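Please find one structure pasted underneath; my questions will follow.
Each chain gets a letter, A, B, C and D, in the order it is written, and its residues are counted from 1.
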Amino acid sequence: MSVSGFGVHTAMWAMEWNRAAAEFAIPEAVKHKIDFLEITMLDPEGVDADHTRSLLEKHEVDCVCSLGLPLDRLPTNNPEGALEFLTMALDKSHAIGAKAMSGVIYGGIGQRTGVAPTQGEIDATARVVAKAAAYAAKLGMDYGLEAVNRYENHILNTAEQAVDLCERVGAKNVFVHLDTYHMNIEEKGIANGILKAREHLKYIHLSASDRGTPGCDTIQWDEVFAALAAIGFKGGMAMESFITVPPQVASALSVWRPVAPSREEVLGQGLPFLRGKARQYGLI
Amino acid sequence: MSVSGFGVHTAMWAMEWNRAAAEFAIPEAVKHKIDFLEITMLDPEGVDADHTRSLLEKHEVDCVCSLGLPLDRLPTNNPEGALEFLTMALDKSHAIGAKAMSGVIYGGIGQRTGVAPTQGEIDATARVVAKAAAYAAKLGMDYGLEAVNRYENHILNTAEQAVDLCERVGAKNVFVHLDTYHMNIEEKGIANGILKAREHLKYIHLSASDRGTPGCDTIQWDEVFAALAAIGFKGGMAMESFITVPPQVASALSVWRPVAPSREEVLGQGLPFLRGKARQYGLI
Amino acid sequence: MSVSGFGVHTAMWAMEWNRAAAEFAIPEAVKHKIDFLEITMLDPEGVDADHTRSLLEKHEVDCVCSLGLPLDRLPTNNPEGALEFLTMALDKSHAIGAKAMSGVIYGGIGQRTGVAPTQGEIDATARVVAKAAAYAAKLGMDYGLEAVNRYENHILNTAEQAVDLCERVGAKNVFVHLDTYHMNIEEKGIANGILKAREHLKYIHLSASDRGTPGCDTIQWDEVFAALAAIGFKGGMAMESFITVPPQVASALSVWRPVAPSREEVLGQGLPFLRGKARQYGLI
Amino acid sequence: MSVSGFGVHTAMWAMEWNRAAAEFAIPEAVKHKIDFLEITMLDPEGVDADHTRSLLEKHEVDCVCSLGLPLDRLPTNNPEGALEFLTMALDKSHAIGAKAMSGVIYGGIGQRTGVAPTQGEIDATARVVAKAAAYAAKLGMDYGLEAVNRYENHILNTAEQAVDLCERVGAKNVFVHLDTYHMNIEEKGIANGILKAREHLKYIHLSASDRGTPGCDTIQWDEVFAALAAIGFKGGMAMESFITVPPQVASALSVWRPVAPSREEVLGQGLPFLRGKARQYGLI
């Protein structure tokens, strides 16, 4: 994957990605000498791609786009709707200049039936992912599958499940995307997700255990970075914190209180902490 | 609180507490030399109290009862229904011989409005808890408030919030109940919940980060036990693992896969691990 | 003890405490907004007390003096010589304005007979400490006993041993001084030393596991700070790093390579890291 | 290297390896289903090789021999004496049936001049190691260099230094041997030694931070095992604890008190703990 080094998720500055958000976030983000920005699109259709692209180019920063599917357009309940949405989102991501689209792009945040995923659901998921990934390949883009915790989705919770789907689809441009916040809940040892994903792992969210300030939480960061170094990880590391959560997203993410005292703390303490650990283990 | 030492949550053997469950779980539990059993009542009304009580007496083991309110009988949407349910559950717990009732007995698992709790919701919660705790006091019972993670409830997620409610109610028999699984997601450092709750903390669930086998997970157990020892914790420590989850509860707990290879692993490895750590830090 | 808050050990700037060292270290140290300076005296007799005192007063910073006894003037081989040396060092510390003298002031760095300490050695140690502490009391000073690792001394290696000596001497002004570097080698869990020392603990060296940059090492800092917070620690926390070690001290401390890339890294990364953790656990 | 899986160091049963020790230790060791035994030879010349070999064969267990050089026969002060001693020890190890000899076989425990190692010392060390390793190769044996902490030796303290010497010698049968006890003091993060040694690492001592019971100490075992798994470690893992230390060795190892309550605790708790962690991270 062409994205590598340190990035930051746009939730640091804005949850809805519109012109105002882009004009605020991009110049702020580059002050922190990041290699890329992860732009989350709650509403990909509404994004002004040319506007974002020109700001990214002006500030010379790469980007990855991320999203989750609407709950009425899932591979499991509306495969055609899901594929249509993913195709549109890929076009938009491509127009923005993203080298990859990633996230819960095999389902939705909040997707759960109340029981374990069935083989039929997994089959349906794999079919849509295969088609969307093929479309991404035509655009020269990579396609990432992010395992999230049991409360947010019931299809992919562990690195192992993400690897299984990745290998089943078998496309070169499909990769595993992990997140320390989710691994902290789902993996038997924080490094185990990294070990299981190994060669498929191309992207990781460095997210505190409470989605606040990394380093001021329960994650065993030494273990995370040591494992990344040990597997020879070369992908993108994006700090993610949900410091800025508007009401309409709070529910999907279950954020009921400020996760950190301020954006300044997350950027001023969390980001240097993560970079220090990456340096300690020879990743940067 | 009269409950102290090591206990095990009945989810280890059965989620629904009926005669068959009691006949299976109680003799099995005492093989592990526990001081008490935590009996979760999904349907308190249906529990045969005399039957459970006589088995507990026969096997000479204490008990704590735990539950969450039905989602249509919450202090926030049906305060009278909530109080009625709690009164009934307290009577049942008392009949079983429990010295305390604890858990999400200020609300329900799955209680969430999609936005942060309002002051009105907190007021309503405090009023019902005050009345239920007063009733518990008449029965000579303690009343515990368990903070759970953001996905399971939006009223009490952190130790600090539980302490606030506890102090607001101001009754001698109300205490804070913490759980390592939830603290791992909500607290800024796993020990911070213990530090914040301090003198109000009388009960703790020792639960793995994935609700599987303690010690084979992401929890920093040394920090947990060191903090418990440092605050002079004298309450009950209950190992909890959701190894046995029937379909009707899986959804509320979001358990979609076996959390551990077997009950034997959790009891045979997890329990000795926890006891070893308690010994290492001078708690037992 | 009157010393509290954050301090830094003078090894950060100079190992030998002379006029040049004082003129360099004191103004540098106060740039970091410390509450006190720990001045190590390799040669107490040679220290120009008035000069140091006036610099400390000018820069409005408290101090603690620390040292180890010469190996030919130990309580175990030369009790009168030991007491004479300690009396002289206490006078000098008092003249500098120190509120406490601490360190291996019950023996020497490098004191070891090749076998476990005998009861006779411990008795001799207690006698000298009792007399020196009584002299310190007359000067209004506290007297600290620092447990150090097995290689540096064979009398006090663990917090428990330091507490035993402290309680045996039984003087109000005698306290236990711990050091994370030594506890990391000697204690069964890094917090265990803190738990064992509890009410006697009034001073702690926050020292990395390799004596380099705190936070870039193997110490479990969350556990250290959580335990300090839990016991209600109110004493002094001194960052110590042996970044500046002249040849004549290297041998006693066994420092054969630079312990960190630079003084700037230790002060610029290590000190903020420690302060951040202290804040996370409510200690400052 | 042919040695792999789990082993135990003979210090668990005896420090001096004589006929009585062999007759006690070997049958005891195999009760724990180990793959190999590490036999430490304080006096290689005095070992009855045929006796040990026949016991090892009878109990079907592999072995590795380990030692340190006498302080008057170091590569730095007596290169011919050192080589002669190593040759004799290799012959003895070969006669016992060891596939590898390892440890401080580039110098001695207690080797230190009081200053940093000079280039001349490193050159002298490399010359002797190269010759001894060549002799080992003729016997079909591997030759391991164990980095030990700053107090025990001043030549090789870090994994990086061991790798440098290993690469300088450049022989196929020379490998790096690490030890968690030493890494806990010397490495910037416990996994960093493993990362630095990577392809040269063929043997590791799993030793508690106080040389007592693994799992009841300050080592971050999850990080150790995760890093071993991540680099694809296939070598031998030997539990080491100095529970049995006779007076004449106590001084070199600086063991002044029992490192654990009993041999039973180390074998009964420590060994299963280590195996559980190895399983958790997919190493066994």
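Throughout what follows, contacts are C-beta pairs under 8 Å (C-beta built on N, C-alpha and C of every residue); 3 or more make two chains touch, one makes a residue touch a chain.
Bear in mind that the values here come from a model prediction, so they are computed numbers and not experimental data.
Undergrad: If you tally the C-beta contacts, which comes out ahead, C-D or A-C?
TA: Between the two chain pairs, C-D has more contacting C-beta pairs.
Undergrad: Select the interface copy of A-B from among C-D, B-C or B-D: the correct pair shares over half of its contact pairs, counted by residue number.
TA: Checked against A-B: the matching pair is C-D.
Undergrad: What angle, rounded to the nearest 5°, describes the rotation that places the Cα atoms of subunit B on subunit C?
TA: Roughly 180 degrees of rotation.
Undergrad: Centre to centre, by mean C-alpha position, how many angstrom separate subunit A and subunit D?
TA: So the centroids are 44 Å from each other.
Undergrad: Mind checking the centre-to-centre distance between subunit C and subunit D? Centres are C-alpha means, answer in whole Å.
TA: For subunit C versus subunit D, the centre distance works out to 34 Å.
Undergrad: Once you find the CA centre of subunit A and the CA centre of subunit C, what distance in Å lies between them?
TA: Their C-alpha centroids are separated by 47 Å.
Undergrad: Two-or-more-chain contact residues of subunit A, please, as numbers and ranges.
TA: If we look for residues of subunit A contacting two or more partner chains, we find 188-190, 216, 220, 280.
Undergrad: Quick check: in the complex, which residue numbers of subunit A touch subunit C?
TA: 215-216, 269, 273, 276, 280
Undergrad: Give every residue of subunit C touching subunit D within the complex, in rising order.
TA: It is residues 112, 114-117, 150-152, 154, 157-158, 183-190, 209-210, 212-213, 216-220, 247, 250-251, 254-257 of subunit C that touch subunit D.
Undergrad: Hey, which residues of subunit B end up touching subunit C in the complex?
TA: Counting only subunit B, the residues touching subunit C are 188-192, 194-195, 220, 222-223, 226-227, 229-231, 280-282.
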